[in-house]
Amino acid sequence: MTHTIILPVLLPLLTALVLMFGSQRSLAWKRGVSLAATAALLPLGLLLLQQVYSGAYGVYVLGDWVAPFGIVLVLDRLSALMLVLTALLSLPALLYASHGDDNTGPNFHALFQFQLMGLNGAFLTGDLFNLFVFFEVLLIASYALLLHGAGPARSRAGLHYVILNLVGSGLFLLAVGTLYGITGTLNMADLAVRVAAAGPADAPLLRAAGLLLLVVFALKAALLPLYFWLPRAYSAASAPVAALFAIMTKVGVYSIVRVYSLIFGAQAGLLADAALAWLWPLALATLVLGALGALAARELRTLIAYLVVVSVGTLLAGFALNNSAALAASLYYLLHSTLMAGGLFLLAGLIRTQRGAEGDQLHPAAPVSQPALLGSLFFLAAVAVVGMPPLSGFIGKLLLLSSVTPGTQWIWLWAIVLGSGLLALITLSRAGSQLFWNTLDITPVAPRADRLRLAGVVLLLASAPLLSLFAEPVHRYTQATAAQLYAPAGYIHAVLGERDIPRLTIGLEELP
Amino acid sequence: MIAPRRWLPHPLLSLLLLILWLLLFNTVSLAHVLFGLLLGILVPLFTQRFWPGSPRVRRPLHLARYGLVVLGDILIANVEVAWLILGPVKKLRPAFVTYPLDLREDFSITLLASTVSLTPGTVSADVSADRRTLLIHALDVADEAALIAHIKQRYETPLKEIFEC
Amino acid sequence: METIIEALVALFLLIGAAFALVGSIGLAKLPDFFMRLHGPTKATTLGVGGMIVGSVLYFSTRGEGLSLHELLITLFLLITAPVSAHMLAKAALHLRLRTVERTRGEGTLPRGDVK
Amino acid sequence: MLAMAIPIAFTLMSLALLLNLWRVVRGPDLPDRILALDTLYINSIALLVLFGIHLDTMIYFEVALLIAMMGFVGTVAVAKYLLRGDIIE
Amino acid sequence: MELLVAIMIGLLTACGIYLLLRARTFPVIMGLTLLSYAVNLFLFVMGRLGQTQPAVIGVGDGQYTDPLPQALVLTAIVIGFAMTAFVVSLALRARGELHSDHVDGNADPRGPGA
Amino acid sequence: MTLSLIIFLPLLGALLPPLFIRLGRTACAWSAGLLAGTALAILLYHSPAVFAGETLVFTQPWLPALGLNFALRLDGLGLLFALLILGIGLLIILYARYYLSEHDPMGIVGGYELSVVLASAERIQAHALYPVTLVLILLGAFTKSAQFPFHFWLPHAMAAPTPVSAYLHSATMVKAGVFLLARLFPALSGTELWFFLVTGTGTATVLLGAYHALFKHDLKGLLAYSTVSHLGLITLLFGIGTPLAAVAGVFHIINHATFKASLFMAAGIIDHETGTRDMRRLGGLWRYMPHTATLAMVAAASMAGVPLFNGFLSKEMFFAETLHAGWMGEWSWLLPLLATLAALLSVAYSVRFIHDVFFGTGPKDITRTPHEPPRYMKVPVEVLVALCLLVGMLPAWTVAPLLTAAATSTVGAELPYYSLAIWHGFTLPLLMSLIALVGGVILYLLRFRLFALHDRIFPICDAKAWFECGLARTVDASHWLTAWLENGSLQRYAMLLVASMLVVIGTSLWGLPLTGPVPMDAVDGVTLSGALVLALSVVGLVVSVAFVRFSAPDLALTQLSVEMVTILLLMLALYFLPQHSPAESSAARRWRDGLLAGGAGLSVAALAWGVLTRPLETISGYFLEQSVPGGGGSNVVNVILVDFRGFDTLGEITVLAIAAFGIYALLRGLRLPSPSADGEGRPWAEDRHPLILSAVSRPLLPLALVVSLYILLRGHNLPGGGFIAGLVTAVALILQYVASGVVWTRERLPFDYIKLTASGVLIATLTGVASWWFAHPFLTSTFEYIHLPLLGKFELASAMVFDVGVYLTVVGSTLLILANLGKLTLVSQPHEETE
């Protein structure tokens, strides 16, 4: 019995508890514990990734209660990828935070670990209600992290974020309830079987539940018309928290991909591809509005937040194309966009601290104290985000664009992706020139960037050249992942096996 | 401020907890008696700090008799007041009665106030800050002095005997 | 079950329900807050009490031994109900809720010194 | 006999609950409503006991016990709020 | 009975959502709480409404209700409580920092703290 | 393999200066120069093979899925570009050593070099991209080479120091796009679409660039727009699509690189020496720097296409090709006409560059006396100018092999015959050249009138300003759109969320025969209404009763105890919230919300109804079956909670712990104004701790603790469990807070609530981990019946330990939450605020 699958959940949980016990201890101690635990997640994630690399599934049967009765954790290529991504993002964010941002309120590190626990749990669980629970874990931790430190902007954005997500949680429960009410199960693999077998009398109810899930995940993922809360919330958060939040939207994306490939995928009978018709136009509209929002942004952090929205639109448009190549491209793009958004948020933090009272506002101000360094990093990130060769954004977009076959979809995707790329180019050039060229003639007084913070930024931004350099192996993996997702029979078999699942019938015996 | 710990600070409370435990499980097995006794010792040890000025019962038998008297009064008063409520409202003679307290301890005052409230027809509405007066609202009272005398004789005097002699 | 016991149970249930209803009628019918405050006492005491006695009788005579734990409900109710009545009366006095005109006496206490 | 008494008792209790609800809605002041709510709680204890006899089960005992023990906390909290604003000082 | 339950859930949802759309934090919180009641009831009745016994083995005749939705609702109640507590505290924090109980932090026309 | 060195050495060179910055400017320049030089040497070492027609290939697969390989492909075209980049780069390094002032970071040149090398010298061969359309490539190419309508960014980058712009504009960066065009020429050219897109864009760019160049007063602006124009010319040539046009294009790339780089450097020298680049203030510099002036004149002549200089040769070829482009049918005359016009403009601005700077009156308002620059600053210019002359006069002896090699690999086939002679006789192209030269000079003479005309036609907006205007409009529109969509109002966002829900349920259930086959139960129930908290309590009670009615005692217990705590919570919050809030919603808004809420209620009710009237096949039978034999408990709900789905419960108490922990952080340091009177203006009552309340709540505590212990212990078998027990304990303790105050209670409760909470979660987690010892998965439960003499049978279940963890978490977190909220008044300022 190997317990590695559950470690990405337990390790942060235990670390958080240790940090809670040590809440009176020194900050250095907390940082040490937190950093060590977070650093351990990366090899752990890689180990898990290696286990499923060849296409195997890892199923961890919690409490020794077989699926679909108990809760199972399921490790497949997608979940392993998300675990690794989380680890890759969180360590630099934490490094950055460990130079002061963790000190503006109590208990940053414990909350950070709780957040990681929630994220990893959400990526691993094979049970829909358990997914709800982990959503709540990561949400409540994110509420607390978002509000870490103080400030009216944070309170206002936080209030909106929290209230909307509470409604979202309610809708999630309505959806889970309906699904249970019709299928009598909560295990996602079992749900897939039951939904596929649903008759025409039940299909509309299941469709309602499925689309409710889409609403919930779209709220998390920040899809039109439910993304409006995001820019303020993300730009109000402290830099490392915003960086970590780069993956929060991806949890929504992950859930959409998981649920709509496994439960409501092509093989779901009457409910096949239930969400795609909605997803496609909304994703493209999100892309456009996100790009326009970025152009309109008056602060760098807001701009980056809109870039997150753009990336979500791109990703979901890719998923809505409903083919393996497009999904593979989207997953590659997911890695790229998450890490770059994280890196940009951290970089924005550096710029903010060096620009004095003007912060990251996009109008002429005092120059930063390290224009060459920060400028080059910004340039690198901009090239990557805009999608210019040779960095990862270019490859991601190219993969996506080449995955679509000519037709109406082709025209829309090409026009919008390229157009938004152009908008992003203009947006980032303007921002870059405001931040680094059109500076006032004032000698910068801010101290140079701290090494830890810089390390955080560089580690994340280095992903652009690295993802580009190792595009082939990464893309090979995402291709395999996409292939696995579009063949859910393997997942279902790994979870349920050949067992005959006894069912208790309620209601039928009363029929005449 | 916080009282020092004593073993078995409130023997009566310990007994009450044992009875409570047995009643909760609706059984009198040896295991439960033992466990109940354990709780009767441990729980007061933890909670005695929360009940610093706890009363000392000087006449336990009088207390039992007091309880029976009150139960009987509740029964009778209930029927009386039921008629009052069902009858014409116009006939009722409500009144606030200021009741001079002889009791001095918080707990016994509380017991008296509760008794007054539990017997239908009267509610203790307030206690003065100096603990010397109890404000009672009565639903239908002909003679305030008679009511005060009745409460004094039937409830307050026994309580004073039980707790404050 | 023996008929007498069953009759007794039925009687206690009906007594309880009747007194609970009378209390609620009082609550609904009486003209001011302080008079209404007297209604629930019936529900607290004889209302629940009647039910409890009925229940004790019912469950104790079913061959599974004495069932007295219902008495705890009454015990806790006797402890807590006067407190809520008292606190509500205090609040009403503080808010100077209106009383029917014929109410005698003042809804105030001599100030006294704070103990 | 019980079979007849229980429905009657249920009817009486339902009437009582309805009257309580009427007072909750009618007010006129917050203490009136709270009082009605408090009565509602107590009447529901009676209802629970009745229900237990009706279904021949002791499984609802704890629910009734809990209301009896904790039901007044809400009332006390609101009353304290009306008196002092601050319920925990 | 099913119809009554459905109506009750719908009513709770409607009240909750109407309050949710108000501008002040307290009604919004109440709306969320009502909504969570509606959702919990909804989740609960997904196990159907039968004239059956509580799912305690050994009690009753073996016609048990569906215990799973009950367990789910229990979890949902606890999480809902945690969330309510958090949003209440957040409303207070926002009130302290924005000097307003408007959900968007808009200043009161009558001045701060009115 | 050495091919990759050509790329990585300059890359290294870009990284070095920041490292060597402490060693001084010369060391920096040397280090960068040495590496570039080495790369150049390697390149030259390979060049004979290339001239011999070979293609050296170094391929490293990059992303085969897209046909992307990291392929270094040194053929003629590649060699040409590499030579340009490295050669000019080397000269620039030398020049920059003197140009940049002490304070300019040397690293910045390197920084650009890095990007330049990455952007242009990496030869990404996109073999498999051919199905991918032209548009993307052209878009990319046009963006990179600053073609219309993307030509704005290039002059915009003028803030860059001159060596950087010299390098960028003339040699490398902008030609990346041209390079892309050239590279893909054999595959993509030759179609009508290609012709119209590329030629059209090229023509527009040539003319617009030249036009703007003429009207720029800034030297570098002139050069920058001229660069745009020349790039347009090259693009136009590739657009024509004939092999000879491609040869001309390649040739012009070489020529443009040499003359434009020298002009940029000359402009830099002038800027350096006079402190201005404004041609209206410059003039007469011939007197001060004749040497530089001569160099600039040669380069400018080349730019203008004066015979004997290299620019002339490629321009002749350009004219010839425009005459042969036959795609346009009867409109074929248009292209040569426009080409001549462009050349005419180019002559005009070249003349302007020379005359306005070196001759005429001036310089005006110059603070220092200009003189010749240091010797080695001129060397790079001299080298380039010499190249202009050599190529111009002896093309066959100098550039021909390189051109042939490059053009061959561009066209991808054997080249048709062409001649690089200076003199081809009196031909139409020569006539066009003459018209351009004469017309250009005339145009220059008319310049003042033209400037006035230009200023009248485009009062504010020159092309860049147009772009700026357009951009500003777009930005304004985006602002407006974003602000309109995201008005920062929660009500809007919540409305959208609710509307989304309504839409998805509505569209799914529309038209469905909602009622299923299962018959309904008879009705018995209650309804509700009232003011808020109260209504909530009533609802809570009703919901609890409903739970009882439908056989869920655990739920009723939980709901009731949560209800108590929630009311306490809300009452605590109410104190700090305004008792009166202004009515803000308009009637229309209330109607809208009412409709929305009604619709949402209806849809959820419909969903519930639809499900309730259908039969259910559930996995729950397993739980009922396994509860006692597998889980060791007869309360199936509790066994599900602590065993079957214990993982959910672990998550749930984690949520509770995080919430408490987060609230603790949230409320720390919060100061809220405490109202000194209630909503009606009544001062608060004086009795802080009513006697009866405190006297009853104190003895109630031990009783409640025993009851909670009872509920905890029996939960596994009968309704109850850790959560309810925890809440009972917490409520009993909170009651002490209410009755006796924070200080009094805290003195008697010596627990750290955070640690209490954490220990609860820890116990639950460790119970789960403990099963690892027995080689079972996390949270596997175990139970044992123990028979004790006299005492009877006892069950010991690990799930009970788990439940104790739940209990402690609930107690700890509830106390943490409520006590912290209660404490707020202690730290808040009283009487600050009056209603």
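A, B, C, D, E and F are the chain letters, set down in written order, and residue numbers restart from 1 in every chain.
Here is the rule we go by: a residue touches a chain if its C-beta (ideal position, glycine included) is under 8 Å from a C-beta of that chain, and two chains touch if they have at least 3 such contacts.
From a predicted model like this one, the values you see are computed outputs, not experimental measurements.
**Student:** Can you tell me the least number of steps between chain B and chain C, where a step is a move to a chain it touches?
**Tutor:** Minimum number of steps from chain B to chain C: 1.
**Student:** Grab the C-alpha centre of each chain and report whichever is closest to the global C-alpha centre.
**Tutor:** Nearest to the common C-alpha centre lies chain A.
**Student:** Going by the touch criterion at the top, tell me which pair is linked by more C-beta contacts: A-F or C-D.
**Tutor:** A-F
**Student:** Let me have the rounded angstrom distance from the C-alpha centre of chain C over to the C-alpha centre of chain F, please.
**Tutor:** Their C-alpha centroids are separated by 68 Å.
**Student:** Could you tell me the distance, in whole angstrom, between the mean C-alpha positions of chain C and chain E?
**Tutor:** Distance between chain centres: 31 Å.
**Student:** Go ahead and note the Å separation of the Cα centroids belonging to chain B and chain F.
**Tutor:** Each chain's C-alpha centroid was found; their separation is 72 Å.
**Student:** Between chain A and chain E, what is the separation of their C-alpha centroids in Å?
**Tutor:** That pair's centroid distance is 28 Å.
**Student:** For chain C, write out the residues touching at least two other chains, lowest number first.
**Tutor:** 23, 25, 37, 39, 44, 67, 69, 72, 76, 79-83, 86-87, 90, 92, 94-95, 114
**Student:** Would you give the residues of chain A that are in contact with at least 2 other chains, written as numbers and ranges?
**Tutor:** 129, 133, 136, 140, 143-144, 147, 150, 156, 159-160, 163, 167, 174, 177-178, 180-181, 504, 506-507
**Student:** Send over the residues of chain E in touch with two or more other chains.
**Tutor:** 20, 25, 28, 38, 40, 42, 46-48, 50, 53-54, 56, 59, 66, 68, 72, 75, 79, 82-83, 86, 90-91, 93, 103-104
**Student:** Quick one: which chain pairs are touching?
**Tutor:** Final set of chain pairs in contact is A-E, A-F, B-C, B-F, C-D, C-F, D-E, D-F, E-F.
**Student:** Which residues, counting only chain C, touch chain B once they are in their complex?
**Tutor:** 19, 22-23, 25-26, 29-32, 34-35, 37-39, 41-42, 44-46, 65-69, 71-72, 78-79, 81-83, 85-86, 89-90, 92-93, 99-100, 102-115
**Student:** Where on chain E is chain D touching in the complex?
**Tutor:** For chain E paired with chain D, touching residues are 53-54, 56, 59-60.
**Student:** Can you name the residues of chain E that touch chain A in the complex?
**Tutor:** 20, 25, 28, 32, 35-36, 38-40, 42-43, 46-48, 50, 66, 68-69, 72, 75-76, 79, 82-83, 86-87, 90-91, 93-94, 97-98, 103-105
**Student:** Could you list, by residue number, the parts of chain F that touch chain E in their complex?
**Tutor:** 488-491, 494-495, 498, 518, 520-525, 527-528, 532-533, 535-536, 539-540, 543, 546-547, 550-555, 558-559, 562, 565-566, 569-570, 572-574, 576-578, 581-582, 584-585, 593-594, 596-598, 600-602, 604-609, 611-613, 616, 618-620, 623-624, 627-628, 634-637, 640-641, 644-645, 648-649, 652-653, 655-656, 658-660, 662-663, 666-667, 670-673, 717-719, 723, 810, 813, 817, 820-821, 824, 833, 835
**Student:** Would you mind writing out the residues of chain C in touch with chain F in their complex?
**Tutor:** Chain C reaches chain F through residues 76, 79-80, 82-83, 86-87, 90, 94-95, 114.
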